[in-house]
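Naming follows writing order (A, B, C and D), and every chain is counted from residue 1.
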Amino acid sequence: MISFESDYINGVHPEILKRIIETNSEVEPGYGFDSHTKNAVAMIRNACGCQDAEIFLATGGTQTNQLVISAVLKSYEGVVAAETGHVGVHEAGAIEYSGHKVLTLPQHEGKIDARELKSYLETFHADGNREHMVYPGMVYISHPTEYGSLYSESELKAISRVCRKYRIPLYLDGARFVYGITSSRTDLTLAGIAKLTDIFYIGGTKAGTLCGEAIVFTKKNMPEHFLTIAKQHGALLAKGRLLGVQFEALFTSDLYLKIGLHANLMKDKLLKILKSFNMKFFYESPTNQQFVIFENSFLKELEKEVCVSFWEKYDDTHTVVRFATSWSTTDEDLARLEEILGKLAQREG
Amino acid sequence: MISFESDYINGVHPEILKRIIETNSEVEPGYGFDSHTKNAVAMIRNACGCQDAEIFLATGGTQTNQLVISAVLKSYEGVVAAETGHVGVHEAGAIEYSGHKVLTLPQHEGKIDARELKSYLETFHADGNREHMVYPGMVYISHPTEYGSLYSESELKAISRVCRKYRIPLYLDGARFVYGITSSRTDLTLAGIAKLTDIFYIGGTKAGTLCGEAIVFTKKNMPEHFLTIAKQHGALLAKGRLLGVQFEALFTSDLYLKIGLHANLMKDKLLKILKSFNMKFFYESPTNQQFVIFENSFLKELEKEVCVSFWEKYDDTHTVVRFATSWSTTDEDLARLEEILGKLAQREG
Amino acid sequence: MISFESDYINGVHPEILKRIIETNSEVEPGYGFDSHTKNAVAMIRNACGCQDAEIFLATGGTQTNQLVISAVLKSYEGVVAAETGHVGVHEAGAIEYSGHKVLTLPQHEGKIDARELKSYLETFHADGNREHMVYPGMVYISHPTEYGSLYSESELKAISRVCRKYRIPLYLDGARFVYGITSSRTDLTLAGIAKLTDIFYIGGTKAGTLCGEAIVFTKKNMPEHFLTIAKQHGALLAKGRLLGVQFEALFTSDLYLKIGLHANLMKDKLLKILKSFNMKFFYESPTNQQFVIFENSFLKELEKEVCVSFWEKYDDTHTVVRFATSWSTTDEDLARLEEILGKLAQREG
Amino acid sequence: MISFESDYINGVHPEILKRIIETNSEVEPGYGFDSHTKNAVAMIRNACGCQDAEIFLATGGTQTNQLVISAVLKSYEGVVAAETGHVGVHEAGAIEYSGHKVLTLPQHEGKIDARELKSYLETFHADGNREHMVYPGMVYISHPTEYGSLYSESELKAISRVCRKYRIPLYLDGARFVYGITSSRTDLTLAGIAKLTDIFYIGGTKAGTLCGEAIVFTKKNMPEHFLTIAKQHGALLAKGRLLGVQFEALFTSDLYLKIGLHANLMKDKLLKILKSFNMKFFYESPTNQQFVIFENSFLKELEKEVCVSFWEKYDDTHTVVRFATSWSTTDEDLARLEEILGKLAQREG
């Protein structure tokens, strides 16, 4: 059985594990005051080209989104997101649990459009009833999106410009950040994103750590007493070193870039294989997630030997599934996939 | 200046005021334990044909919606509503503030469709990722809707059937309830609505009281310690008599029906006048709210003498406005409107 | 049956009712934009001697406390109150429901002590673990307190000074405000309180209105978009005129002072009667609430003819009850009480 | 520099680390559906002697407390705890953030007393105003407490009996659980605690894991859709294996007991050393935390070579500090401490 189910099916990247082992017997203070967290923060600042970035390490993506959004928004504000945004769909209402509405915009391959955002904000502020409505207080985008798509630099600039005009922060959910900046089809860099957003996070969990997401406040805009707010959310690890050591490793010798490049290379090979069998794409993304439409009976056979992720029903006889590559995808996995597809194609033919 | 701006621009209906005056010097216990609240509850039960209905009187609509929805939902549940539903649009995020998501369905003249509801629930429960999503735990409809439209008995039955199949309560927001059940174009009665819904409220504020909405739990399903929950929401009046006396008056000699019938009669006359001037309707409703499209310069003139409510921009040169009739609309108001429209039409012509 | 049960057992003061009647047929905009609310706000500003006070009218005390406290506090802050403070004991957890802790100080006849407050704040800010604790973000006092006691000007000044030193707002719950400033044993005026506090409210419900509390932000410190926050709490009345008209009446010809003076005069007479029968006081207050200890069997007889409020068990054979006077207490009520006590005393004797 | 600062200053116990390394390349599903979590759950059930226990693994203590308490309580309920309980003091208001009040009882060496609990519940349910108050809906105890003290079996039975009488669940915070059940001065076993409580958790973070707390619902009483509730709290790890593998290791060959026994043995040796220097105890506990009173200048010298944890100011010239032993405390640490104390004592003498 081989698996392309997701990018969090394996343990931890060997380089990171090595660092966990090496530092294990050190005595370190808790709650993120350890030397490794401090070091990781400095390394991330460097990589962002943003020396005064304020950084906090949390354990997971939903926790991060709830923490950031609720800490930044005022009580009467909501967060604007694409209708397919993770915060609005697959976080079990974590944002609403913290008291805030997710205000939705149409999605285009998972992305919002700067003009639609502008138009929404204009309409809102012109509405005589706006005092009875939820104020848009932040814009949330994911990059890569839930569909693996990427904003171009000009798209991100346009969104950033609208946010600044309306003085609302732009927050970028980077659960799969490393797979975005290392795509061959992006013109956005880590530093570029840091400049255009107000807050973003660099996901660790889906990029080779056991857990951990690095939240970056790029404009000296970390809310006051953020550590206390994190504690109140149950988001403060006693052994903060677990997060510190992993991000330290991720930013040592550009490991995060190597991980991203590897997954994207594997993705290119995956695409080539899928296309060689004339597979139909639901969405062919520039990053590590690919969405393929299978005839149901074919899929049933495929799933006996390959683990993929159900995405959605396409029609009565077809299904969309997701293939994900990651730091842990091997050439052997791909060769085996090619072999299995070949066998199934032959049987069909 | 005459006003059709809304149905809450006047004070209190004279019959209700009379009752406030008559009972003013009585000594009564607080917090809804007064004799008038008890009496009102009994009268509403009778009118509903539902002797074991459990009833609570709150002060306003948003308060009522927040109180009911958050008291009934479990923490991981959200409320399903039309995308134009009041709870999702014009309550400043009161539902989210209480921790719950508003899950939206398409609207059809402000209404949801039973088949779309069923399909949504089916899809949800078939989704392998549903444990990461907000569970639909209640269906919210407004009747009349925000557009003044009404569910037919068969439409409500169909929705009710879906709710029961999926064991989620059906909650009907009756801010303008009396204008619905007294419409000449409805086949739904108070008792019929009580039977088909699990919870509904009969709005007082828009039907002639100074404040007050009567929440009816029709199936012995009032959440335990509801008074304490209300207190926790700041929704428990010390002088509960204020609400009791007003609903007592509303249900004495069918005053609530008289108020509804009057407003609907005035609405019929209003429609006749508007049509006689060939006004273009955005939506012609069966209840006390009518939505008319005006050319902007005409509207500007009209608003010098008639107060109406801005609804939305129609296009660059036209605007949708709302006319509302109520218990306080008079034949004189209508005659004056006809006169003004005539004058303006002549000027245009 | 006569009643001293509370100060909200009667309807509305006749002068206020008169004003409700007079203004009833006026057409007014909703949500507090009516002319009467505007007028009431201007009158309250004048009475406070504070022309730039920002004022909002809410319906009840718990609603007001929840709204003010949650609107002012940051998410990681709590409100400091006496252990007997209404917010911490008798509001069904309304403050916690809005996400905030009530941090308690010892009570002295219902009051907090400036030195104990200072010591608490000093200790907190010196605590190395304070980042894991709830930050004190506001000080809450009630005046009169739940025991009817009053802060002296010097006591209030001392508390105010501590609050300013630590830059946290001082909020005064004035549910029975009018009975405080009209006590013969106070040196605090309305203007004096406005000066020394950052926020306070003047209770209407317990001072002769049907509902309504006037929240006064004294230092141009009303939180931004407070109307929207109120809407989100379900605390915004559509017919805001109901509150506006009542406070307008209350501040016309100093009605609020007359009401307070009358209740305090009645209280003096009540005390005289109780003392003439050698009743034992649990707490003899300078305002309209008096706490008396009765032998249980005596109380049982008394309650056949006089309605009082159970306060707490004193010991196995005695009970503390509260007598409250108000704008509606009459000389006849007191004469009847004297008669009943005389009859019971004779029977005992 | 040696450290007795806390029990979370080191990395992960070598046996657990070994297991992380061994399982690292396995492909496993996410969100707690991995084989190791399943295995750990089975092992914990066995250890508890409770085959139908329902178990969830969360990352940290505050997260666990917030998750459990808010998932179990109804909206109008609060949790009863000792005034020194971690939930009420050192969790930055996490319980209140989730909408619930912490109701406090007096503490006796960190413990609550069954009779005081009973008396509190009796008084509450007899209070005529209870509908305006927060209902006690759960009892929270920590074991060991924040002071390292332990409930005896008879004490826990008495508390359990009161909870059952009033039908409220008993929840035991076991952040330092393993140090409790392995104390030489306890008569409570893991199975015994499982029987007497309704919910408890076995802390990993302070017992040698990198993170992780195992929540045990002992009476088939895990709230419905608990995984979704956890997701909503940001408490669901994508790589749930991180928690599964660690608890699997902890319950393999009774490692959790070995860890506890070692720390308690080290504690005995620590006590002997401290006593040999006539140190004054603030509280001498039966578990791994010891509270010692030092003269300030002596402490200043000590802290140059030994890391301890500030607990509280004792008086103007003395300070209470905490020493904690753990799985990682060595005989060398203790020998070095003895040497340093000897040197300082000589200097003083």
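Here, contacts are C-beta pairs under 8 Å (C-beta built on N, C-alpha and C of every residue); 3 or more make two chains touch, one makes a residue touch a chain.
Owing to the predicted nature of the structure, the values given are computational and were not obtained by experimental measurement.
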Inset, instruction - Please name the chain that ends up farthest from chain A once chain centres are defined by their CA atoms averaged. - result: C
Inset, instruction - Count the C-beta pairs in contact for A-C and for B-C, then report the pair with the higher count. - result: B-C
Legend entry - Distance between chain centroids, defined by C-alpha means - chain A, chain B (Å): 42
Legend entry - Length of the line joining the C-alpha centres of chain A and chain C, rounded to whole Å: 51
Legend entry - Cα-centroid distance, chain B relative to chain C, in whole angstrom: 34
Inset, instruction - Scan chain B for residues touching two or more other chains and write them down. - result: 75-76, 91-93, 97, 99, 131-133, 228-229, 231-232
Legend entry - Complex interface listing, chain C residues touching chain B: 1, 3, 5-6, 8-12, 14, 17, 20-21, 23-30, 59-67, 91-94, 97, 205-206, 210-211, 228-229, 231-239, 241-242, 307, 328
Inset, instruction - Note which residues of chain B are touching chain D in the complex, please. - result: 70-71, 74-76, 99, 131-133, 135, 224-225, 227-229, 231-232
Legend entry - Interface residues, chain D side, partner chain C - complex: 75-76, 78, 89-93, 95-97, 99-102, 128-129, 131-134, 310
